[in-house]
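See the structures that follow.
Below, chain A partners chain B and then partners chain C, in two separate complexes.
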Partner chain A sequence: MMVDIEIEIDGKVVHGYPGESLISIADRQGIDIPRFCYHKKLSVAANCRMCLVDIEGNPTPQPACSTLSSAGMKVHTNNEKAKTAQKAVMEFLLINHPLDCPICDQGGECELQDVAMEYGSDISRFTEGKRIVDDKGIGALIQTDMTRCIHCTRCVRFGAEVAGIVEMGATGRGEDLKIEPFLSEGIQSELSGNMIDVCPVGALTSKPFRYEVRSWQMNSIQTIARHDLVGSNIFTQTHKNKVKRVVARDNESINETWISDRDRFSYQGLNSENRVLIPKIKVKGEWKDASWSDALDFATNGIKKNAKEGSQFGTLASKNATLEELFLLQKFTRGLGSDNLDYRLDTSNPFNAKVLESNISLTELETIDHALIVNSYLRLEQPMINHRIRKATLNGASVSTINAKAFNFNYRISQSVLTSPQNTVATLSGVLKALLDKSSQTLPGYLNSVTIDQTHIDIANALSNAKHPVVVLGEHVNGNKCSDQVAQLVANIAKASEAKTLNASLTGNAHSAERVNFKPDNGKNALQILSSDLTAFILFDIYPNFDCIESKNAIEHLSRDDAFVVVMNSFDDESVLSFANVILPIASFYETSGTHINVDNIAQSYSASVKSAGESKPGWKVIKVLADLLNLEGFDFTDSSQIADEALSLSPSFSEIEVPISNSEMPNVATVWQYTPYASDVVVRHASSLQQTRIGQMSEASVCKATAKLLKLSEGDLYNGIPVNINESVAEGCVFVHTHLPRQLGVI
Partner chain B sequence: MISDQAKKEIDIWVAKYPEGRQSSAVMQALTIVQKENGGSLTNELKQAVADYLEMPTISVEEVATFYENYNHKPVGKHVIRFCHNISCMLNGSDELISYLEEKLDVKTGEISKDRLVSVKRVECLGACVGAPMCQIGDQYYENLTKKRIDEILDGLK
Partner chain C sequence: MIKKIKKIIKDFGLSEIRAGMKITGKQLTNDKITVQFPEERTPISPRFRGLLALRRYPNGEERCIACKLCEAVCPANAITIESEMRDDGTRRTTQYDIDLFKCIYCGFCEEACPVDAIVGTHIFDYAFETREGSIIDKEGLMEIGDKHEKAISKARQEDSKYR
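Coming up: the complex of A and B.
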């Protein structure tokens, strides 16, 4: 229990915790103290001196950010002494500042500008030359104008403390001090854009936004980012019906004050040339533009003709669709008498979602003392979840991994077990056996023949010695034929070690899809839909080249003469044109209202930030009209919030199933195919600046020497179109592909 | 990049700090590799030091650019580190530095044509009593005059 203490600020009695800084108490009370280097989420540097306040009994003014409160303190933030000190600091800070506000993107939202308005003098006494700093450039996302830098070191501390990759630093000394990275090869962090938000001046601004529009000309709309399991809170800032910029919105329990670069810069995709803007129909093999009513008739007639029975019809939807879209689509599909529907397009065995639930909240993740990460490069897959785990490691938590490759995490990994997909079941069984052995529990039959080695014991020890462990399962499991067994073993390990679990294998809005049961009860799942003799399909925002695990087969299958394919897409795509019969343009991110359910099962609804592009319409409206044209019942919605209400009245269901563990037939060499985080969905794939970053450019098939020999690969060869890199950080018996290129290049 | 001999020397320093604090030896490590590299550092060397001490490269760069002991461009066999701080300045260091530059036909920060000497301006070396002064190698030369400079230069080989 914290005891509070009483102090006085500007004659007002206020409460604080012992050891709390004056600035933090003042902030809570809404008392304004000017500051530059202080940031509530970063360590205290106390180097700008802007926050000087007068404390009674102290001969000199003290910085409010580094002075801790003690009972009875009397603080003045705006008496003569404080004001004089603040004015003097302001004058010093402006000595070298270029004061180029009219051409600075930060103008109008600049902390320096604001504070200078209040504390600065309108006449400069400085007649000497000003300092000018050469800009090295730090990559495609952040524009640097370092002459404007006031050396607050917020960006440096952000890198060291939050991003966990120390990239910016203060080089030189005195007048030559510069804030810069070591080499100008580009910032690598997946959270780098937050440096733009923390920079109090215009030294670091958004590069894609440069010179676009002045900040006060834009509308800010509260919305939700849809790329991952977190649903970070953001503002879309719009001008003339275009999203011009995305910035973070505070939500302590979800994304704190940070957002990932993916969430920040993906909006660029919306303005790409490659949008579908008008409905199109294919007549005798030729694509023709069509009116909405013709296209809708064409679609419904085709469905009626080709799917005489419901069972001949199948629906596939993107994991990034909104709750409303998913709900209506499943209602539509089931209304047609079909149970063939799925959103799990990148899984070769779609049961992992069913077996493993997520039962730890984002904030709780910070309190764990051990995390076992299985099949995941969590840092790039779920940046904000990874950030919480990193925070736990700063408090002493340890992390172990069972992965096909040793990845570059932004915290120390105490045990890293390299395991190919084929061996994952065996490795996890070993860990489970070691755990059960430790507590002398009886072993289930399938563990009898399992041999355990020291690495299994180490991981088991780490889990059982921890008080609050968590086991995280990530994306790489999706390509594994035994993914259900892997998920089952993860669940069993968690049970045996009383660990919480986090299933990050299905991302985007997967929790919405699960909530509305967007998957077959008895019908066909994604792989089956794309390989059996269905004759009519709806594909909702799907681009098989990238999205489907067996993309080549999928495209061939959909291209059959007897298949009628209705596509609702927001982006154009060659391969979709090859198999679709009608394309209905739908609204993309930020163009439609909707709901995202995150990993904590929190449903966050948002309204549209801009009108949808061209003639495209929000997906839920298109589905509703299709349903009406087919005379389906229960689609009397006039507003998407009515749909959300009905969808959310379904309670989250998690029906545990028990997957038997067995020795399954596995290939000698397996491929793990992971997209860069900037190729994870269609919007971000079109975001050009993200594609130019080092993360976005990644394209590499890593393989160890032994496996390379087996596959007769040498360095630089192409493996399914991806350049081979031979190194020993990959488990034997597998090729780890990390790329932004489509899967269609080969059948994986 | 870093020779085995240099690594051995660095390890002596690393051993003086608690475990996991090997980065504290960064200044000595830079000094050692700089000496081995003929008196200056390169980006590759700083990278190598960072890797060896398991610290971010930018942190090495911060140290290397903060202190004047480190050179970031190739230097002559002898580096004349001329103090130009307050005491030395008041006692005429500026004029002596100009004299030196003229005589050697080099600018501060450059190497003489015969690659024998380079001149560098540094901050107070703590020998203000003997201002103006300079340092060559491990040796301080105090109470400098033009004549004294001529003698010193003649002695450099």
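Coming up: the complex of A and C.
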């Protein structure tokens, strides 16, 4: 603990730490010092000079952001000398700032506007010409009006320090100084939207939000983003029952002050034309709009008729559903006497044992000194988790990866091992063997035949030399037939190196699904449900051509004549229309109350920000009414918080089984099918601006030369509908598909 | 007693009628002040706040930039605005409605407007026949503005030296 010192600000005795900046002490005490370039999460630039304060004994006013406190300092923030200095700076800042507040989207929430009200002069003494700066487009998410820029360089520092990609910079000097992107392609970062939040003026504003509503017209509602494992805290800003904008909400232990672009711009999907607004039933092959009561009767009658025994009934739910929805659905399914339920649709090997737990908190991630990332492009898949690891690397942590492709991380990777899915078990076994060799422990039988090479030893050394290592397992493992063995080996590696683990393979609200045990104990899992002779199904917010791993088989299977499929969806989808018998429209993100459990096992509940679109109803209410109509017991809920209370009181017991490691037969070439982060769930897939970004448009099947030859592919060919890109950054024997297009594969 | 006698003299001397006739006589020769509304109208101050109108620039471009300051300042919540980006990239309204039942003719909207788009005209005699007629939309407001632009700009001109 650092020593406390006493200083005096405006005659008030306050406490701070030696070396702490004056502005941060003042902020803690609620003493207002105007500022533009200072941001608590960014480095100090001291270039706006707005925070000048008078320090006794100092001939000139000093900037409070870069002046460090020392014991006995006497600071005046609003005496004559400080005020004169601040007013003079304000006048300089306003020299070139245009007076276009009426058409500026920042108007009403602008730091410059607020400070000018207090420190600005009524009349400008500047008669020369004002500076005008050309705008270069910087992509589909951020609108620039660089004439308004006051050169605080917050966006530049954000790019360099937080996003980890230096995309904006200052060029020119003096009058010609411009803040602009270095490349004409615009901003690529997955965190770029935060530049809008840090910009104190209207130079960077949200493009999808442009000219829509003024800041004072909107209601800000506290809620949680549901796209990833973090559950970033956000405000949805609504106007006339529509979400108009999403901005970050501070929560130091979860998302600090940042949110990913996916969380920020996905709200656009809610207003998509593809929303299902009215219940529909299929009568004699024709779709008809129906009233809620007719549709619910149709659904219950169908379930009663087609699932005379519970075991003929199966339920599949999205991993992005709320805790309440998942809890009621599993209660509903088990109430019908069925144990066929699952949420792991993109997993080719849905195993039941809990092999790999996450046992590191987000804040702890910053303190690690080595991270081993297995099967993940963490930067795009879990941007906020990646951000914490990046922070650790800035403090000297090293990172090694075992991936099918060499990804473009925003920190340096010290060891990168390229491994195809079929070789992942062998590679991890090698690392484990090297680790155990190093500490001369006895080897389990399955490691005897494993050969180790230098890369395995390097990674093992990095792990064993680290004091606080972490092993991260990511999403790409889901398509692997041996995913249980991979998870087991990751757990064993973590145990052998005393590392913490972070399981990022099941994302969204998967922790809620685990909490309510939304998977079969003895019944059928997702793959079995979609291949056996069940006759009645409930699909909750599922779009099989995107979400199911064997999408073609799944759709064929659900299209059988004897299958009765009740679909609860918030979006229309042609393939769903082809097999469903009844569609019940449910509320989407921000339209329903619910609970998200994040990777730290923190349950965050939120209320609905807007009313659900059209006639759609919150999912939990629909399930409750269906259960009532089928006379199931235990659905006497009137509020989603009652459901959450009951669901959170559960503590499911997991069978901790050691998965045997075997050298199972694998195909010569395996495919890793990974969606771009902007195709990871249905809402974000309909967010038009995100789809226009470089990350959103990404669609390529990367393959190395040798494998391409084996598969007789050449550059530009289509591999399952995805253009082939031949490059050597991919492991041999592997096609790495990164796309926003639906799966067209029967089996991958 | 003396009071009574004075009153009798006053009453029989028709003093009050004479006083009244004196005024009548004076007014007989004066200019008349009765105005035959609506054929004749009284003069109006340039600051008069009557029916609201939306103006255009001389080149025909609408002035309003959808800043919504009038909507924000309106104490009666009589103004409703929806905005969008027009194809040429400028900020424009798609809807600009004023509910004349709510409007209290305070003129705050005119004071708030940074581009002199919404203005009070000198029209104060108007009526509508349906309940919905109380809401004038953007088109209606522009029409009023176009029709009375001369009078509106003259009034602004006259008032400008006091601003």
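Please note the rule applied: the second predicted complex is superposed on the first by the 739 of 748 C-alpha atoms of A that agree within 3 Å, B and C clash if a C-alpha of one lies under 4 Å from a C-alpha of the other, contacts with A are read in each partner's own complex, and residues count from 1 in each chain.
Note that contacts are C-beta pairs under 8 Å (C-beta built on N, C-alpha and C of every residue); 3 or more make two chains touch, one makes a residue touch a chain.
Here the structure is a predicted model, which is why all the values come from computation and not from measurement.
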{"item": "Partners on chain A (chain B, chain C) - clash or fit", "value": "fit"}
{"item": "Which superposed partner A:169 touches (first chain B, second chain C, both, neither)", "value": "first"}
{"item": "Touching partner for A:212 - first (chain B), second (chain C), both, neither", "value": "second"}
{"item": "First (chain B), second (chain C), both or neither touched by A:277", "value": "neither"}
{"item": "Included angle at chain A between vectors to chain C and chain B, based on C-alpha centres and rounded to the nearest 10 degrees", "value": "80"}
{"item": "Chain B versus chain C as contact partner of A:102, first or second or both or neither", "value": "second"}
{"item": "Chain B versus chain C - smallest C-alpha distance in the overlay, whole Å", "value": "28"}
{"item": "Contact footprint of chain C on chain A as seen in their complex", "value": "101-103, 107, 210-214, 216-217"}
{"item": "For the chain A and chain B complex, residues of the former touching the latter", "value": "165-173, 181-183"}
{"item": "Chain A-facing residues of chain C, complex", "value": "65-69, 72, 83-85, 90-91, 114-115"}
{"item": "In the complex with chain A, residue positions of chain B that touch it", "value": "43, 46-47, 56-59, 61-62, 65-66"}
